[in-house]
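Look for chain A in each of the two complexes below; its partner is chain B in the first and chain C in the second.
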Partner chain A sequence: MVEGGISPGEILRQVSDVAAVNAKGFLANVFVVEINLLEAEVKIEALPVQEWGEYQLQSPESKKEVFVQDVDRAMGTPFVIPSGNPLKPQGRYGIPSYLVYDKHFQAFTKEAEEVKKYLYGRLNRTIAVELTEAQIDEIANKLHEITSKVYKETKLLGLIVLAVLEKDGPFQLHETMPLGDSSRSYLGPSVMHKGKHLVADLELVKERFWEAKLAEGAEMGEREGGEVVCYFCGHEDRVVSSYCKAWRWFTPTWKCPLPVSMKPEELVETIALCPACYGALTYGANLFNKLTKPLDYWLTKELFSPSASAAGKEMSRRGNPESVAGCAYALPILDNFLEDEDDRLGFIDGVRTMLGRKPRGNKMDVHLGDLTGFEMFLPQEMDADEYRLTIMYYSGDAGRGDIHLRATVEDVMPSVARQLKEITGNISDFAVDLAASLQYEVSEKYQGFLKRRYSSLPYLLTTAYGAPYTWKMLSTVMHRGNISRRPFLSNVSGRMNELSRKLPDGFHELRSEVVFYLSFSEFLKKYSDAVALETGNGGYEWMRDWREFQGMVAEGPMNEIVINDPEELGFAAGHLVRLFARQYWHASNGNDFLKHRVMTFGSSLTPDVIWKRALSRMDEYARKLNMKISDDLRQRFAVVLMEYSRLKNETHKERDAFMAAFWAGYALAK
Partner chain B sequence: MNSGEILFVKCVKDGIPNRDPLNESDARRLFGEDDGRISLSDVSIKRDVRDFVLARYPDGGKNQRNFVFCRQERTEDGKLLGRQKLAEGILDIVKRKASKNKRDDLMASTFDMRVFGAVYSVGKESFNQTGPVQFGWAHSLHPAETKYVQGTVVMPGKDIKVDDAGEQQGNKQGTIWTTYTLPFAVFAMPAVVNANIAEDTGMDKDDVDLLLEALWKGTQHRQARGRGMQQPLLMMHVEYKDPFFRIGYLEDFVTVKPGREAWTGGTPPTNLSEVELDVSGLEEIIAKNKKKIAHVRYWVHPGLKMSGSLPGERNELD
Partner chain C sequence: MKLLVFDLKAELGHFRRPDTTGTHATYPFITRTVLQGLIASILGLDRLTGENWAGVGLLHPVQTSAQEMSMLGKGWLGEAASTFNRPTSIELVVRPGYRVYYTGDHLEKLYDMLRKGQSHYHTYMGSAYCLTFPRFVHYLEAEELNPEPGNELKCKTVIPSHAIENLIPTDGSQYGRVGGMHYEYLGNRRFRGTVNIIYETSGKPIVFEAKGSSLQQKPFRFCSIDEQEVVCLW
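Let's look at the complex of A and B:
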């Protein structure tokens, strides 16, 4: 991408911040100073203040106007929004275009000396621009004058561009405005030569920009001569250190990756890069930063909530968890893939689309935000299995090089991502349908809530397995690994058990857990059938579809009731207990059966308690309260009781499966 | 001194000895979700040792050789001291402030540098030294489930202020705390002692004895609510005749009873009397390598039930 295939303007757009949302303010006040070094007598004039962009309505319905920058113009004067103290000069400048903050404006309006100080600091770090002291004085005076007119003590941002006209320089005088010419961008009308225009040659701007970046690397060491070798490509000639302002993961201020005895200026002794590789590093680092997005806030809260405690989960939702950022990119698996012109163009288009973060109305672009937890698209060009996705998660303050890497998921096949996306889409529909079966009315808001959660793979995995395993599970699933059902059952039944103590008040939350239990079971089933390489299910048989199974237990012929395992037994028991509890409620003037008769003295519900105090004593309770329970129900109880005796040992081992299914049967019984 | 290995088994009640800041301070879980074991980093165990030595020898002990370099010390205005000041503090006491060879002087005066090594990076005086004693991660000998609990603090987070209208502003109620805790778990931790590196750092037999004492007593005296009540159960030191020989992974030869089913079931063990340490594997492997072993000594907590009998010399700590 650096060496060919995309226009210089496109490169400048991608490696600088001109197109960033937070660059808007700077381009609303652009101060261009025309400095003509082409003629014997050097002339300096300031152009009137310009707006490089226009105010547009925020949305068709809104009355609020926002400034939208004209990126095509700004590409001629690329800048990087600093991560350190913005008031100080930062890094190296390829061309003299400098950001101005409100504090600068305040100083500029006081006296020209302040502008001079500002310019000196930056010109010293600008490559290939040489101005005399007298010229800088004159520029400072002009800028002092013009900024004093504009600044009215309201917060202001701006951009100063010193358009130095010189032979073979990036800024030139043109007869016409560069309309439709993608190799040039327009700076404004010349003050000195009426009718002519100041124009930036993007190819030359790009060269200067790269040169400045290289100078940044050279700050931490530079070597030249026959004995130097590029760490990556083996090129011998000139190398600079890997210090790169855009790549904050490897900074000399953070000693960890360096030997303790090493000084920052000797960084070139560790990883040295030739100009081409350094350009690629800068480019890649910028793309990485631009592709990085924070995880959805609601999801971060879920990620850090305890999976085995319902109250803890609720509590965590109220807290403010640390923000986690994610980045995903796709790279071809074979080195020689990009040698083909078509493949290379496809790759470039793909990267461009990923940066755009918006689907092109093309159904083949897959929105993978549901899988990763942050906004991202996998463009059609990159969804073939010649590509592999890399996903990274980290927290901390990247600007300070303080990064806590949480997970790296490498080598994800696009086809697997697509399959998983399809499954989670189905699961969210499944969860909404299930909620409708559990409640009489499911509001649109609640549907939206369920859809968002159940289509999110990180949410499903973290709720099922708990925070310590989230990243590992994500990686396992994306690599088609085998995942176990047992920890999920243990966590979900733990939450249900906790909620059951609050019954009948906490029934709504319990129903939500039932939605999770059955939906995640469905996810596991679909995942095992369609994605996982091994289909073993940790010794588990899948429970039959709950509708089919419920139909058999509730209405099917008595001799056809077949219960395969403790999970199905739990579901059947839950269903029948709920039917009985309804009648009990009427007969006992509003007493909750489970609370009144089964979970006495605040005890927990276990398979044994259900068997001893609920299933086997139905007749006794019915007689005491003079309840008229049907023969059919009585016989169904008898079947479940017999099955319990048969499966007693297995049920003790699979207690969690029994209990989770019990609550599902209980909540779903009509 | 000889090269050797240490096996250290301890248990904890109602707390997590080493928390994971990346997982909301839950226990560290290095193994998969089906495995369920939890882990303690070597760093946390070395902290216990250092804290004990620091408390025992605030003046550096006999010959002023048992200072602790890696410690938390503050200036009068409450700022934490950096590496250079910490080192200078010690060298000042041992009257070697003008030392030209800080590495050797620090090694001679600080117990933890001699035993665990150090990374010292202060300007031109940087050096790093691998320690002769290397601890491994400690893992629980069984799956362990942590519990999420919460409680209340009677104090509000901020003081109540009365505004101009006479209304009270600020929290009127106490705050809520939440934490993960572990009811009960037994951990095993390995360590190796390298005689060759010990020569470099000046570590000697006395240091090994102090290390073992600190391991036991430092664990016992660990005072922090969140870390739980810890109890050393078994400590074994195996010394080899050959400095290049090692049995390795001694922790794999001990198991805890009852087995995993009991720990993952509804009523996992919750105290020491409910568990038993099976050391018969250890007994066997040591017997097998008898010829290469110079000396075995061990310490056992009186409340620990063991199956199998350990060879070597049984010691008591004062």
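Let's look at the complex of A and C:
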């Protein structure tokens, strides 16, 4: 991409911040100073203040207007929004285009001397621009004059551009405006030569921009000639250190683990890069920053919530967690892949699409936000298994180089990502259907809520396994590993147990847990069938589809009731207990059966308690209250009791599976 | 040729990526320079000199975990004046396990040391707190292979990507890539060159079309050991 894959304008757009949302304000007040060094007598004139963009309605319905920058114009004067103190000059400038903040304006309007100070600080860090003291004085006077006219003590941002016209320089005088010319951008009408126009040559601007970036690397060491070798490509000529302002993960502010015997200015001794590789590093680092997005806020709250406690989860949802950022990129696995021109062009198009973050209306582009938790697209061009996806999560203040890595998931095959995306899509539909079966009526808002959560892989995994295991499980799933069902059952039954103590209040929350239990079980089944390298369910059969199983337990012929494992036994028991509880409620003038007879004195519900106090004493309760229960229900209870005796030992071992399924059967019984 | 085989296993490993300072990211498995340093530690050398060829096979699936580590109040070595003072996240390789194949100038001495379970300096997986104790496995005769370009090989070690013409996916294999690993340690924290590696994330063999052996820059060799198993030395 750096070596001719894309136009200079596009490179400048990608490596600078001219297209960033927070760059708008600067381009609403552009101060161009025309400095003509081409003639014997140097002339300096300031253009009237310009707006590089236009005000547009925020949305068709809104009356509010917002400024939208003209990126094509701004590409001629690329700038980087500083991450440190914005009032101080930072890094190196390839082109004399400097950002102006409100505090600068306040100083500029006081006296020209302040403008001079501002210009000196930046010109010293600008490459290939040489102006005399008298010329800088004159520029400062002009800027003082023009900014004083504009500044009205309201908060203002702006951009100063010193359009130095010189031989072979990036700024030129043209007869016409560069309309439709993608290699040039327009700075404004010349003041000195009426009818002519100030224009930036983007190829030359790009060269200066790279040169400035290289100068940043050279701050931490530079070597030339002799035995210098580029760390990556082996090129022998000129090298600079790998220190790069855009790559915030490598900053000499944090000295550990840089060699103690070496001064920061000697970093070139550890990793030295030739200009081409340094350009590639800067470019890649900028793409990394632009591809980085925050994790969805609702998801971040879930990530930091305890999975074994329902109350803890609820508390976490009200909290204000630290924000987590995510970045995902795709690269070919083999070096020689990009030697083919078609593949190379496909790669370039793919990167463009990932940066665009908008679907092209092409159904083959996959929105992977559901898998990663942050906004991202996997373009069709990068869908082949010659590519591998890398996903990184971190928190902290990246702008200050303070980065706390949380997880990396490397080498994800695009086909696996696509399969997982398909499965989570199905699971969200499954959860909505299930909620409808539980609640009879599910509002559109609640449907949206369920869809968002159940289509999110990080949500499913963190709720099932708990925050400490989220990243590990995410990595395991994306690498098609085998995942255990036991911790998930333990967590979900723990939450259900906690909620059951509040019954009949809190039944809504319990039903939500039932939705999770059955939906995640379905996810595991689908994952195990279609994605995981090792299939199976840890030695026992998957529970049958709940509708099929419920039909068999509730209505099927008595001799065809087959219960395979403790989980199915739990579901059947839950179903029958609920049917009995309904009759009990009527017969006992509104007493909750579980609370009144089974969970007495707030005791916890266990398979044994269900057996002793619910299943085996049903007849006794019925006689006491003079309840008329059908022979059919009585016989179904008897079948479940017999099955309990048969599966007693297994049930003790699989207590969590029994209990989770019990509540599912209980909640779903109709 | 004679080939020495030994295992390295530990609870933790940390093979630092050189381009991260504030946060300490790791390579997914042992790097060439760390392995050479480890062999030098066993032998009691400052660094491994002469001709050395080594291959690395993964015994466990690659798994990493990021942890927040407190570095509060600890002055960094040699910097008494400016104390290093921040919580730092560190990425660790969990339960690393590698089978190492070695041949080269130090073969006999290394064989002798490993057989007796001796080591001159202590040995670790990239960081001093990730101790490992090398375990001798085999000392065997291997046959050098000179594959023609395009020949299909099944290799049980990781392979430099410049040795591969084409990867052949097999059932259940998941090939991964590590880019920009240090190639050569020059001493005094100076390095030269990088190498890109292809590996199978769970340690299964890599099936691929070879580029043919090369003794040019960053050379590699293939050799077969028992049961026609191929290893790549580099």
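Following the convention adopted for this analysis, the second predicted complex is superposed on the first by the 668 of 670 C-alpha atoms of A that agree within 3 Å, B and C clash if a C-alpha of one lies under 4 Å from a C-alpha of the other, contacts with A are read in each partner's own complex, and residues count from 1 in each chain.
FYI, a residue touches a chain if its C-beta (ideal position, glycine included) is under 8 Å from a C-beta of that chain, and two chains touch if they have at least 3 such contacts.
These numbers come from a predicted model, not from an experiment.
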Touched partner set for A:249, first chain B, second chain C, both or neither: second
Which of chain B and chain C A:42 touches, first, second, both or neither: neither
Touching partner for A:309 - first (chain B), second (chain C), both, neither: first
Chain touching more of chain A, residue-wise (chain B, chain C): C
First, second, both or neither for A:473, with chain B first and chain C second: first
Chain B versus chain C as contact partner of A:269, first or second or both or neither: second
Contacts of A:486 with chain B and chain C, given as first, second, both or neither: first
Partner chain in contact with A:334 - chain B first, chain C second, else both or neither: second
Chain B versus chain C as contact partner of A:81, first or second or both or neither: neither
Touching partner for A:406 - first (chain B), second (chain C), both, neither: both
Shared chain A contacts, counted only where both chain B and chain C touch the same residue: 255, 260-261, 404, 406, 472
Touching residues (chain side chain A, partner chain C) in the complex: 229, 231-232, 234, 242, 247, 249-262, 269-271, 331, 333-336, 385, 388, 394, 396, 401-408, 410-411, 413, 471-472, 475, 479-481, 533
Contact footprint of chain A on chain C as seen in their complex: 16, 18-25, 28, 61, 63-66, 68, 71, 76-79, 82, 84, 86-89, 91, 161-162, 164-167, 169, 172, 174-177, 179-180, 188-194, 196, 198, 201, 217
Residues of chain B defined as touching chain A within the complex: 20, 22-24, 26-27, 29, 32-34, 36, 119-121, 126-128, 145, 147-148, 150, 176, 178, 180, 261, 264-266
Contact set on chain A toward chain B in their complex: 255, 260-261, 304, 306, 308-309, 311-312, 315, 321, 395, 404, 406, 465-469, 472-473, 484, 486-487, 490, 538, 606, 653, 655
